[in-house]
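By letter and in written order, the chains are A, B and C; residue numbering begins at 1 in each of them.
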Amino acid sequence: MKPGRELTFDDMLEYVGREATRPPEDEPPLPMGPYPEGGGDAPPTDGGCGSGSCGCRTPDPSLLDKKMDRRGALSMLFGAAAVGSQALSACSPTSLASAEEREAKLLEWEEYFKGNCRLMSEEDRERTIERLERLAKLKDGVDVRIDGTQAHPEVVYGYAFNISKCKGYRNCVEACIQENNLDRATSAQYIRIFEMDGGTSMDDLDHGDASYHHEVPAEGAFYIGTQCFQCANPPCVEVCPVGATWQEPDGITVVDYDWCIGCRYCMAACPYWARRFNWGEPEVPARELNPNQHYLGNRARKSGVVEKCTFCIQRSRKGKLPACAEACPTGARVFGNLLDPDSEIRWVLENKQVFRLKEDLHTEPRFWYFLD
Amino acid sequence: MTHLKPFLVQALDSATSGGRRYHLWMGVLTLIMLVGGYAYFVQIREGLAVTGMTDHVSWGLYISNFAFLVGVAAAAMMVVLPAYVFDDVDFGRAVLMAEGVAVSALVMCLAFVVVDLGNPFASWHLMPVIGYLNWPRSLLAWDVIVLNGYLALNLAIPFYLLYNHYAGRTPEKGKYVPWIYISVFWAVSIHLVTAFLFAGLPARPFWHNALLGPRFLASAFAAGPAFMLLVLWFIRSNTEYEIKSGAFSKLAMIVTVAAQINLIMLASEIFTEFYFFTHHAVSAQYLFFGLDGHSGLVPWIWTAILLNIAATVVLTIHPLRRDPRFLMPACLVLFVAIWTEKGMGMVIPGFIPSPLGEIVEYTPTWVELAVTAGIWALGLFILTVLVRVALPIELGKARSPKLRERREPAEVEQP
Amino acid sequence: MSVFRSGLLLLPLILWGCGDNPPETAPAQPAEIRGVVPEAGDDPVRPDIAPGTVHAIEEAPGLASLAADTARGWTGPGGHPFEVTLRTPGRRGHLSNRIGMETFDLTARVTNRTLTQYPCTSCHEGLVDMADRVADAHRNIQPVHPARTGATCATCHLPDSVQYLRLTDGQAVSMDHAYQLCAECHQGETRSWAAGVHGKRVEGWHGRRVIMNCADCHDPHRPALESRIPYPGPVLPGPGGGPP
């Protein structure tokens, strides 16, 4: 597929045909689905990187020309020291440090000294995104596209969950894992679906069972899902000592993974148990990696930092539905713009009887439950 | 500051010379610290996955010890206040030791917070100008400030006093008494702030009650002075440094009253939780009686409560309290009981069950135990060094050599 | 009036005659909402966006190539018209979507399996006696819905042309607009469906509003969703330890 060409219906047909005969794994991204921009990229080059003649990008010279503030100067200093030490060790016969390894070290140092995403200038943000994309290529050999789309001023996201529709299939859970590059080693999941016996109070999750494994829907049971509710008054944001988590203007509470110090105070503060911690280095097999990422969303996390559901910020800010809402086979999940009076979410709020979990805590979740 | 260099030389000398028992003690502490250091290295390498903590119980042994030791640090105030402000002669000689206890407890507190961080290399993000400290909104930011401030105060005041004694001068009251007033309020604040750190979380009903702060203070004023009594008694029976028995009886009285108040508060807490059982009491149910077959903390908490009661009874009976053969074991028992009750018994149940009702229990791993032991060894090491440095100066054995050389009136010099 | 009716009746036939039922182009709707970022305040913790920057939310890219038709007789929230997805011959899962690396079949599981013989005209021409032949020719059809409601084939299908549905007033409706038939009994559900509470919106929360047809999720002959083994649930750490 040539870059720039519009997706046609035939492309989709072709995709469907190919999908039927399972494509080989190393094929370039398919021209279908939510990531058509991926089709326009050059196919990843494999191997032969050590020679230096393979066309790998050298560090952007603009990185060296940037106007220095204090931290910038510090980082350059340390970066230079890192390169220097690398150069020294390169002289010893045992060293195998290649140009890529040195570049990665330099980029890592620059990353270490960068500021809080919220206080960064547009320029700095672009630069760190560039660095992160390059680092992913250098260290893990994957091509990722990290997006930095800002919040739209006329949008505040809201979510509604139809308890009478959910059948407990957990398609949402699976889609969330895939979309958000959740750690496979610890089987991290942002979404919990609770199976509740009929007659149980709908918000009495203590009597629900999230670990069910049998054919669903079970006789007489109903299902209720939880995830981050993107509270309008989020206790988790209040408690962070370094301001590494905050609420975006469109209502999504995000974490700057590179600013988080890992104290886990936010996890203690969340009344909905919506936050997850990377107890070790998270593992996502390269072939399962979702390369379409957002700086505040599903990009690679590191060991020792907190993460959470972001209503799939990488999707929702592009006008798409979050993965859970899209994957739900029962239509139990409604997502949309609360500021748009003609949106479906507003219709739910105006025409259905809704409730939220633990409303007495005054966290004002932007996630409502309703029944048909 | 002409005496600074000899002062430091003298300090180094006092800290490194001693008998065989002293070297053995310091050697054992160093060994434990090395083991702890290795465990921490493992933790850095593998991430916090090597601890027993999970997404469900996201704080464990480290934060439990932190919460407990803040209390020990704050309790130094109970000695400092009467000694400096009311010129209580009994406490006069105990006060430097108390501040030593505070300093070492604070170092342990900070160490426990640091080892609990998932990303300790990013801790520079806490520094106001180059990082971003979310003050005044985050209670943890408050805690960072008050702990470091209290540490600075407790280092500066004793240093000023010791240095002046070393230089053969009388410390000027105008220069240190205002700071002592500040440090007294500061001591209360470090403890209340730490309590508020937990009590400010409506997500965890077990912590979210107004009694948590006062109970923190009561247990701190029992455990802290109890520990100090042990230290002072050890110093008195092993060195020629004389501490008046008045100091012991007054401290013992403080411990007794605080332990009694602590028990009353415990009773009040248990009554509120269980007289009419509500959903908010499930964590307490887990702690005291077990929940759905999970009862990991039940033996611990009842042991702690029984020890607490036993120690309090011994302390309450006057003849027993006045007899060091009963007082000292009672203090030790009380210290251990409050450590269990307030450490494991306060922090862990807050996470069980999780806000969504899932029950995951917590057991510390060897890494956590080793790191914890290492930090305690570090604290005792620092305490020992501080006491060793202070004793010769306070006994008048160590004086600046420059005094003899110059024979100048000390008052002329300004530090 | 009756002339008008018969005209309506003929309309789908005429449309069908035009060939392979080409997807009608949707009425043009604004592809994006635009807004101007207000002046960035002096609060140091707000995003440092240059004042006046225009941010736009694009329409979900998949929508551009989606086969859909404007719904007839129904409007969505705010009285806005919306579109329904079209079933297209020969395609499996026309709304299949890649989420991460997994392909999720977003149309109904039943739909894609049962409509292998679509369009009906490939076998049936003209009048078919549907009453007895269902079991022979369409083993995949389990007539749960008619059995429960006492309906016969001709209650819903146009007797002389099986690929059209028949409303109670005799009007013929193409399969692509089956919701009109469903609405005759399931009024509440259809109202919710049009409002976006029942059923699924495709691709985006913003831009063209395309929602799935009733039969995309419900097998019309056996409408209840099937029970199945769910995707794996959480693994709670056992006693004495965290993750390995």
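As a convention for this text, a residue touches a chain if its C-beta (ideal position, glycine included) is under 8 Å from a C-beta of that chain, and two chains touch if they have at least 3 such contacts.
Keep in mind the model is a prediction, meaning the values are calculated, not measured.
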Query - Label of the chain whose CA centroid is most distant from the centroid of chain B - result: C
Query raised in the report: Taking each chain's centre as the average of its Cα atoms, which chain lies closest to the overall Cα centroid?
Result: A
Query raised in the report: Counting contact pairs per chain pair, which pair wins?
Result: A-C
Query - chain B and chain C: spacing of chain centres that average the CA atoms, whole Å - result: 66
Query raised in the report: Using CA atom averages as chain centres, what separation in Å is found between chain A and chain C?
Result: 29
Query raised in the report: Distance-wise, how many Å sit between the C-alpha centres of chain A and chain B, to the nearest whole number?
Result: 41
Query - Where chain B touches two or more other chains, by residue - result: 49, 51, 53-54, 56, 358
Report summary line: Residue numbers in chain C touching two or more further chains are 236, 242-244
**Report entry** Contacts with two or more other chains, residues of chain A listed in rising order
**Finding:** 119, 186, 192, 210, 243, 279-280
Requested in this report: Would you mind writing out the residues of chain C in touch with chain A in their complex?
Outcome: 32-33, 35-38, 44-50, 53, 55-62, 64-65, 67, 76-78, 80, 90-94, 96-104, 106, 108-109, 192, 195-201, 203-207, 212, 217, 225, 227-236, 242-244
Query raised in the report: Along chain B, where are the residues that touch chain C in the complex?
Result: 49, 51-54, 56, 296, 358, 360-361, 363, 365
Query raised in the report: What part of chain A is in contact with chain B in the complex they form?
Result: 70-71, 112, 116, 119, 186, 188, 192, 194, 205-208, 210, 226, 235, 238-244, 258-265, 267-273, 275-281, 302-306, 361
Query raised in the report: Can you list the chain A residues touching chain C in their complex?
Result: 6-9, 11-13, 16, 19-20, 30, 32-37, 118-122, 149-155, 160, 162, 165, 167-171, 173-175, 177-179, 181, 185-187, 189, 192-193, 210-217, 243, 246, 248-249, 279-280, 287-290, 316-321, 323, 325-331, 334-337, 341-344, 346-348, 351-352, 370, 372
Query raised in the report: Which residues, counting only chain B, touch chain A once they are in their complex?
Result: 46-49, 51, 53-56, 58-59, 113, 116-123, 125-126, 130-134, 137-141, 144, 197, 200-204, 279, 282, 350-351, 353-358
